[in-house]
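Below, chain A partners chain B and then partners chain C, in two separate complexes.
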Partner chain A sequence: MPIKLKSILGLSFLLMGGCSQLHHVHIGDIDQSQGTLTPFTIQVNELGFDLAKTAEIGAEVAKSSSTSEDLELVAFILAISNFGPKTGNPVYNDAYAAKVLAEVIKVCPSKKLTGLTSVREATNVGPVSGEVVSIKGYCINNNQTNNI
Partner chain B sequence: MLKNTLLFSLLALSLTGCVGLNTVSMTQVPAQRNNVITTSSASWNFIGINFSNAFVDEAVDKLKGQCPTGKIEGVYTKHQTTGYVLMFKREVIVSAYCNEV
Partner chain C sequence: MKKLFLLLTVAMLSACTSSIHMSQVDVGSNDANNVDIGKVIEIEKSQKNILGFVYDTDYVDLAYKNLLLECPNGTSMINVEYLTNHGFFSWTDKIRIKAVCL
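Moving on to the complex of A and B:
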């Protein structure tokens, strides 16, 4: 296969891989008895990076066979070094999700929260990804209780 | 020979597990458990390529619709992926209790 066509195909697959991956879902209790609900969404994300995959891509596109072989070895070493259970790509900040609690409290002036849905997802584009934590929920408006 | 290979492949396919359980979660179960509500939402994709996870919101909306003025408690959420040939079905299955206050 000509090198240009191979590159175009490789790039297409890389972009096609730009997909949304769902890792975890948790739906909480929903209380619709105390008043109307106002939805909110909190989302935090961090850059995830798969170095082994990057080295693999480098090996594929390398012009000389010796460079390609070296990069394949690097990819292999990186892959076995990071082998083990993991969710999504590794990130460089292990506390990026810590701010969701403060954000959730801040977004709801009535301080009454319900229906919290926690989603852990990722958007992948080749070796790079956005590692996302989303919290969706509802603030309970006290209209009904105020009227009573 | 080819016939045997095909037959063996079909047999192997029939023995292959096709459902992957991704996550399971549960909230506090209420004492009053008379009115069970269930719902599910799904998203199909080809060889795992997805562009949205919005089907989760659909499950929450359906659940809310089944208990419009009550409390939805004891929410059991199951997220699973079923593989067919080249096609995958991602699914969120939810069951809960609806208690009117």
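Moving on to the complex of A and C:
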């Protein structure tokens, strides 16, 4: 019974513990003098997965000591094989944000842009996360009244 | 045999992870921020980093010089991406620039 309660508690924390984390934000020039502004948002994301952390968790919860040792070894190998600075969890596709420039150009037919805000953030649920790059901004319409 | 299989699986799974640290898009502060979609150029420069030791520390400067060479009249829009490809006791820092030349 106590083990069951612990499992439920652990699972609840894992599911409810999802949280957003801001890594980087950049705000560009804002020009409100050229016409009405139409906001837009472009968001691309990729699954982030920390395999080493998962193996460590597995080693902690493994029942037999040999399994635990094996998983610790796996976590160590993964850690040394994926060396380097990390922002959020590692991803298996380094080109997921490659199309943001093309998307920004596509979303604004007038080709007049202002107030571009670039955000790098993540939503974490344990060792899994959604690694997000989003670009927010305003498309300047051709008439002369302001309307943010 | 089981451990060897496990090690091979781990080695295969561990390859090719990356981390994008920053990706920002900006437009010029010209009169109407009018993006004239001309030539779009792509520049990528990197530095290999082995256990924290690096030699080619000017990769960002090189990317910037290339940008100036390829867009001599300047840019109307630019996307800069900074990322790391992870490896075995080493990693590669990369800077990717996409720009719309004037």
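Here is the rule we use: the second predicted complex is superposed on the first by the 135 of 148 C-alpha atoms of A that agree within 3 Å, B and C clash if a C-alpha of one lies under 4 Å from a C-alpha of the other, contacts with A are read in each partner's own complex, and residues count from 1 in each chain.
In this text, contacts are C-beta pairs under 8 Å (C-beta built on N, C-alpha and C of every residue); 3 or more make two chains touch, one makes a residue touch a chain.
Small disclaimer: the values here were computed from a predicted structure and weren't measured.
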Superposed partners chain B and chain C on chain A - clash or fit: fit
First (chain B), second (chain C), both or neither touched by A:Y96: second
Chain B versus chain C as contact partner of A:G88, first or second or both or neither: second
Greater chain A contact set [chain C / chain B]: C
Touched partner set for A:E121, first chain B, second chain C, both or neither: first
First, second, both or neither for A:I135, with chain B first and chain C second: second
Which superposed partner A:C19 touches (first chain B, second chain C, both, neither): first
Contacts of A:D29 with chain B and chain C, given as first, second, both or neither: both
Which superposed partner A:V104 touches (first chain B, second chain C, both, neither): second
Inter-chain angle, chain B to chain C through the CA centre of chain A, in degrees rounded to a multiple of 10: 90
Smallest distance from any CA atom of chain C to any CA atom of chain B, in Å, after fitting: 7
Intersection of chain A interface sets (partners chain B, chain C): 23-24, 26, 28-29, 31, 34
Of chain B, residues touching chain A in the complex: 22-23, 25, 27-28, 48-53, 56-57, 59-60, 63-64, 67-75, 77, 79, 90, 92, 94, 96, 100-101
Residues of chain A touching chain C in the complex: 23-24, 26, 28-29, 31, 34, 51, 70, 74, 77-78, 80-88, 90-94, 96-98, 100-101, 104-105, 108, 111-114, 116, 118, 120, 131, 133, 135, 137, 140
Chain C residues touching chain A - in the complex, by the definition given at the top: 3, 6-7, 10-11, 13-27, 29, 31-37, 40, 49, 51, 77, 79, 81, 83-94, 96, 98, 100
Chain B-facing residues of chain A, complex: 16-34, 115, 117, 119, 121, 136
